[in-house]
Amino acid sequence: MPSGQSNSNSNSISATNNRQHNPPAEAVPSFPPPESESDESWVWSQIKAEARRDADSEPALASFLYATVLSHPSLPRSLSFHLANKLCSSTLLSTLLYDLFVASFSEHPTLRSAAVADLLAVMKRDPACVSFSHCLLNYKGFLAIQAHRVSHVLWSQNRKPLALALQSRIADVFAVDIHPAARIGKGILLDHATGVVIGETAVVGNNVSILHHVTLGGTGKDVGDRHPKIADGVLIGAGATILGNIKIGEGAKIGAGSLVLIDVPARTTAVGNPARLIGRNNRGEPVKNEGDVFPGETMDHTSFIQQWCDYII
Amino acid sequence: MPSGQSNSNSNSISATNNRQHNPPAEAVPSFPPPESESDESWVWSQIKAEARRDADSEPALASFLYATVLSHPSLPRSLSFHLANKLCSSTLLSTLLYDLFVASFSEHPTLRSAAVADLLAVMKRDPACVSFSHCLLNYKGFLAIQAHRVSHVLWSQNRKPLALALQSRIADVFAVDIHPAARIGKGILLDHATGVVIGETAVVGNNVSILHHVTLGGTGKDVGDRHPKIADGVLIGAGATILGNIKIGEGAKIGAGSLVLIDVPARTTAVGNPARLIGRNNRGEPVKNEGDVFPGETMDHTSFIQQWCDYII
Amino acid sequence: MPSGQSNSNSNSISATNNRQHNPPAEAVPSFPPPESESDESWVWSQIKAEARRDADSEPALASFLYATVLSHPSLPRSLSFHLANKLCSSTLLSTLLYDLFVASFSEHPTLRSAAVADLLAVMKRDPACVSFSHCLLNYKGFLAIQAHRVSHVLWSQNRKPLALALQSRIADVFAVDIHPAARIGKGILLDHATGVVIGETAVVGNNVSILHHVTLGGTGKDVGDRHPKIADGVLIGAGATILGNIKIGEGAKIGAGSLVLIDVPARTTAVGNPARLIGRNNRGEPVKNEGDVFPGETMDHTSFIQQWCDYII
Amino acid sequence: MPSGQSNSNSNSISATNNRQHNPPAEAVPSFPPPESESDESWVWSQIKAEARRDADSEPALASFLYATVLSHPSLPRSLSFHLANKLCSSTLLSTLLYDLFVASFSEHPTLRSAAVADLLAVMKRDPACVSFSHCLLNYKGFLAIQAHRVSHVLWSQNRKPLALALQSRIADVFAVDIHPAARIGKGILLDHATGVVIGETAVVGNNVSILHHVTLGGTGKDVGDRHPKIADGVLIGAGATILGNIKIGEGAKIGAGSLVLIDVPARTTAVGNPARLIGRNNRGEPVKNEGDVFPGETMDHTSFIQQWCDYII
Amino acid sequence: MPSGQSNSNSNSISATNNRQHNPPAEAVPSFPPPESESDESWVWSQIKAEARRDADSEPALASFLYATVLSHPSLPRSLSFHLANKLCSSTLLSTLLYDLFVASFSEHPTLRSAAVADLLAVMKRDPACVSFSHCLLNYKGFLAIQAHRVSHVLWSQNRKPLALALQSRIADVFAVDIHPAARIGKGILLDHATGVVIGETAVVGNNVSILHHVTLGGTGKDVGDRHPKIADGVLIGAGATILGNIKIGEGAKIGAGSLVLIDVPARTTAVGNPARLIGRNNRGEPVKNEGDVFPGETMDHTSFIQQWCDYII
Amino acid sequence: MPSGQSNSNSNSISATNNRQHNPPAEAVPSFPPPESESDESWVWSQIKAEARRDADSEPALASFLYATVLSHPSLPRSLSFHLANKLCSSTLLSTLLYDLFVASFSEHPTLRSAAVADLLAVMKRDPACVSFSHCLLNYKGFLAIQAHRVSHVLWSQNRKPLALALQSRIADVFAVDIHPAARIGKGILLDHATGVVIGETAVVGNNVSILHHVTLGGTGKDVGDRHPKIADGVLIGAGATILGNIKIGEGAKIGAGSLVLIDVPARTTAVGNPARLIGRNNRGEPVKNEGDVFPGETMDHTSFIQQWCDYII
């Protein structure tokens, strides 16, 4: 994505522009409106076709597929049903959650377009994802993000206790802990997802890929804006810990297991504990990724190994 | 906390005094008795007032708040109900667990004072915690600790199979795995909590703050005392791994993502993989934190960055 | 285990022999057949004796023990019941899962011998494991592995949607995410287990011990064979991240928190982020472990500390 | 109710007019449209006020009252929630039923006005009914009727399998077995309700009161129209059995325990096994009830005792 | 029981003495205090011995028996657990009901002695009852009565909404509908129980046996005292309907399927629809039962057949 | 059925032959073995075809139909699943019951042939039954009978506590209370079923039809053989009460609401309270039904009305 475009996405973060840090005036995330209704329709048609095929070939799964997908008239209904049955507990009944999700998806079309963008992103980036329905039904990261977006809407509407209760259920069920106030873009892949923690004032741009055990944490000493801002197209490897109100620039790559405490420029790679930048030329300037390839979209985790000079076993 | 006080807390660990390592003679953790009954009463009043306010403003949550808080006569009852409904399964019924928790809180007042101390600690240290009821209802770390303390009582009473079954439920539901034999002080903040693992012979002092993905693990080669001893006021950052029967001294700070295999003196900071001490003067002596400020209480995660000489991206 | 034996285990990986990377022709993992029926019988007798003893001493747990162990005629039935009740949801009923597990254990005896081997391995290696029934009932790692093996059978039979649905339930309930296509040997200890991620083309040999938060991940850029191959007897410490189609040789040891991106030779130790080999002689050759002691079996996590030259706090 | 009015209610049955026996052309019961929206609003306001009062005075019930009444924006939503949670099973999930009920009440306003009329009828006729919320929450007869009306709509829309599944759940949960094809008027009191059986071609008019164990059964030998037609304002005592395609005229009264196999004229009383008419003058003509008082509305069960000449103990 | 004794039991009804109709001043049923604590202890010992024997011989039932009986320290705890798990619903949680039952049995010892008296009565009178635990676990009539007594206590304490909610659950689960205000003695056998309806102002004395489908109903026209008063030792056959504020005298017998609308004298038998007295001598005086044998205790249903003059097939 | 045939059915009762009253030597009901396997296959094919058609036309029901019917390989599996999910409770888990039912149907083929015979009987006799799957899924009488037969097998195997626990669940869930010792033939229609009570020593022949609220009760005074014996082809109307060790002869008809205390000869009709025989010629001899038409099969409830001389309203 050209950086010129990112300015039009108020949820994305460029390293030189932090207007997005101001809380949005409106109650809902400022995703661009769905490019066209046809995207959702097309994805939903795919999902139903896949579910029908799988129900035919696997009777043991047919009941699940009919209950969760094939009996529903639309993607938001199916998603609401699935989330409600995943997140319900003996004291937060599925019907209550179902109502909440159906109403949220109905009132906030951006929640729907973001879900569609995430489905497309997962299919495009994760070679282990065999179908849209696989993602919808089985990806805890996908489901956690969709539920988070609803909790974010609630938070923005000042329905904080309900937003926090929803966060708690997501954390219990999916082991993904995203503060309702955190702003998450669209086209997100949260791969494997277990252990992801994203703090209150964190912002995640569009087309970002985040592996499991990633922390976007606070520094602990501040009360205000204290969490990372992740720009568009960033890839964050498994177990990376990014702490403080720092900026990870567009298209940057954070190596698995890295600890990042200082800004990372756009299109550069940071690795290690503490993280160092690699891929600089001999003037100390970062060697930018070629073209507009964003690692958050290509999922290139390890091409930097040769450049990591001291990495020799 | 002055070190003179820590001696009176048999569960706290000072780096120079390991009397606390001996298993206590009595069956239950030797927390000091609650300073005054009024602490619990005051916190409970706060929680009920908060829950009433939230129930009024959010009808969708009122049922949950009444079931979990407002219908109960006391904090231990509310906590027992909440834990029982969280931890129950189809083969460990909620009524059985409820009975167990109610009886434990009734017979062991230290469990109650420790819960109150934890509530106060979370509110004081975590800027994301908006109310006592938020912590009571939604913090999986808080709930895991309370349930652990009950499993510890059971273990101390030689009811090991039940203690281990409870540990297993806590590990499944909260993704927090604390061996029932581990001794945990009071005033604990287990922030985010997912992935915390604390081994059998570990000891954690008072006023300790532990982030998610932290391991207090064994070395694997020993059968006996093989896990870390964490003194009062320690702060352990996200993803830190501390292995072996080593001591982390009072007020020490362990950086996020660190791997610690050797003792850390009091009031010093260890960071990196493997961890190194930072903040030493030019005689190699550690520069102690000023005054009696304990990082476990101030949650100052990152003030050491400038001192971490080689941390330059 | 002498290396001569490992060749007869098609699921084990030696660093110089990657024939095992080819997908097996038959539908089920090619574990050797159970050495004798008596192993399963003996373990099952132990488990029942333990459960009876615990039921007698702890009435509060007796119902659980009878439901899960003592009412069943065999280990596979008990395990099927326990897994079905753990993994069921409102849309995947326990009876359906029970049927699936009972049928799988009945049709594939290797699933049973592998479960027995795992039970024996956990008891032998984990000092915190007090009994076979403790492992069967409470070890989420043990349970996740057994359920994974069933999902692997389903995958091998081309029942992929059901295999993926099962993976999803395992990931939700145990926070262990193993792709159904991954091939896992027997005699596995998955200790604590929370956060373990094992990718699609990963292979894990026999007698391997893996701690929590371990990732056997892909590099993201490839679609095909892109995950690590772990040979027999390897020990992988907590939080280690191993990425790419690399080989970890027989009896190697990966330190906690390490990031491994390149092959590790047999019987050597890799530590750090990025990982370095330690324990080499002054010709740069690795100092092999003495005798045939495999760290995956001895669980020796930290004996390398003295050799890790720069590890001084 | 003057008989002139009854003609305008196609669901009511007058003894001399059987046009109502023809199946209605339209899909839904031909109740008159709600006289005014204000009835539903008024009743709903009452219910909320009662529930709020009860929640205040009885914390143990507050969670139930909030979940079932106070968190809902309207009577149909509250009723849909309550029915869904009562009638759901492990294979018919509450969210599915909730969806079905919400959609039905939304598409068929007569279902709502009939529910309101029933609430008013129960409050007016049953001295044991202390409040509208008491009826809404606790009267299995009221709930069974409301669920039946939805199954009747489904039947009329030719969604017979779903209608029959719903009938089955009503029969299991409330022990009330009403065939989906049966047409039931409004203003119905089904008191106690256990054991009521109403067959496929039965028709029940408006303002009818039916006690428990009442059967409106077929004769068994016919396939077609074979069940009783109950006109407006009839009172049927506990345990009465009415068999065959016979007519019970307006304002008739059927004594408890009676067996009725032949038409009963309007405003007369039938008692006994087999039932005889009582309350005739000496010309054998029935002594009609005075005025327009209908026993189905006055619930006068036993005023006929003196007239039952041979009833002397 | 000599009639002189019945006066001291305010809950029993003699035909000539209606002082008992006045509501009792105190909140709880005025059963005589338990004759001795030893009765409850003895019965509880029996129940545990039976359950232990059955658990040994039937592993498939052992889990149920341990959960419901053998894990509990006392009969009231076991009964509270069993009732809570039977009567709970998705909106009335088992822990809430368990709390309620435990508290009620603790505060009102007469509830315990009445339960013991019922257990003894069932064992004595019902030849199909093979053990005390059979009654405790499986007799829906026994369980319905115990739960009713708790709802009666709540009603007497003016906690009417909770009492009515409990009545509703009993009616749903056991198909037994007893108004919370109804006063029921002790030593009651409610055999089979399905369909029993007992109205608001009904009173049932001690040692009464009531078969299924029995109605103690109102006449519908009155608001006040309008339901039957059943004296001590009465036997009411299956399907009998007794309506209105009438008296059924001590030791009377009501034949199956009878409809009773007028007082029945002590020690007489009423049969038929409408019911007639049988067993009178030729002066029209009833032939009393010999000695003090009460049919409610002997369960002699049919000895009157020969006396029922017109009963000839 | 000619009476000559009935002798070969030890479960059928002819009025002049009470050899069947002796308990059978073998553990299971002596139904004739299934005439041919093809009956079960044919019915199962029908059920699957119906379920597939309904799943296609009604997506909201498809999940239920797949879970309950279409995912199963055979009728006994489907029935076991359905019964287990209907009858399970929080203390009797569905997996345990499923195991029990699967094993019972497998070991006792007569249970399967009897279920098939019942399905055929319901379809043939009940005009409201629209399909085999309708009966299998929705008829509580059908389901209660199948579960009873399993409890009868358990009773015969002296597994009495489990048999009684199952009886209790059937009574709770279906409001049908059949003692496990009662012997029930095949080809049974239990229409509507609510409130049916069948006592310990009752015997019901083949091809019997029993409406709801029917009691086959004891006289209460005896401990031994004390319940009715119902011969083949009998029809018992709604609410009929038959008490004592009496015989209802082949092809007899018992009118709705009747109270029967004395033997009823074959092919005669008994009605009233107390019941009288009708349809006798002027020599007092019963006018037998023409041919071999059995009312239990034709369901002719009311053809006797004209003969019931005093039935005139």
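The letters A, B, C, D, E and F name the chains in turn, as written, and every chain counts its residues from 1.
One rule holds for everything that comes next: a residue touches a chain if its C-beta (ideal position, glycine included) is under 8 Å from a C-beta of that chain, and two chains touch if they have at least 3 such contacts.
Just so it is clear, the structure is predicted and the values come from calculations on it, not from any experiment.
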Set of chains whose contacts include both chain D and chain B: A, C, E, F
Comparison of D-F and C-E by number of C-beta pairs in contact, larger one: D-F
Approximate Å spacing (C-alpha centroids) for the pair chain A, chain C: 30
Chain A and chain E: spacing of chain centres that average the CA atoms, whole Å: 61
Residues within chain D bordering two or more other chains: 60, 63-64, 67, 71, 85, 90-91, 93-94, 96, 99, 175, 194-195, 213, 239, 257, 273
Overall pattern in which the protein chains touch one another (line/ring/star/complete/other): complete
Interface residues, chain F side, partner chain A - complex: 55, 59-60, 62-64, 66-67, 70-71
Residues on chain D engaged by chain C in the complex (per definition of touch): 90-91, 93
Touch list for chain A against partner chain B, complex: 89-93, 96, 99-100, 159-162, 164-165, 167-168, 171-172, 175, 177, 179, 194-195, 197, 199-200, 213, 215, 217-223, 226, 239, 241, 243-244, 257, 259-264, 270, 273-277
Chain A residues within the chain C interface of the complex: 54, 57-58, 60-61, 63-65, 67-68, 85-86, 88, 94, 125, 127-128, 130, 134, 137-140, 173-175, 192, 194-195, 211-213, 235, 237-239, 255-258, 271-273, 298-303, 305, 308, 310-313
Footprint of chain F on chain C - complex, ascending: 63, 67, 71, 81, 84-85, 91, 93-96, 98-99
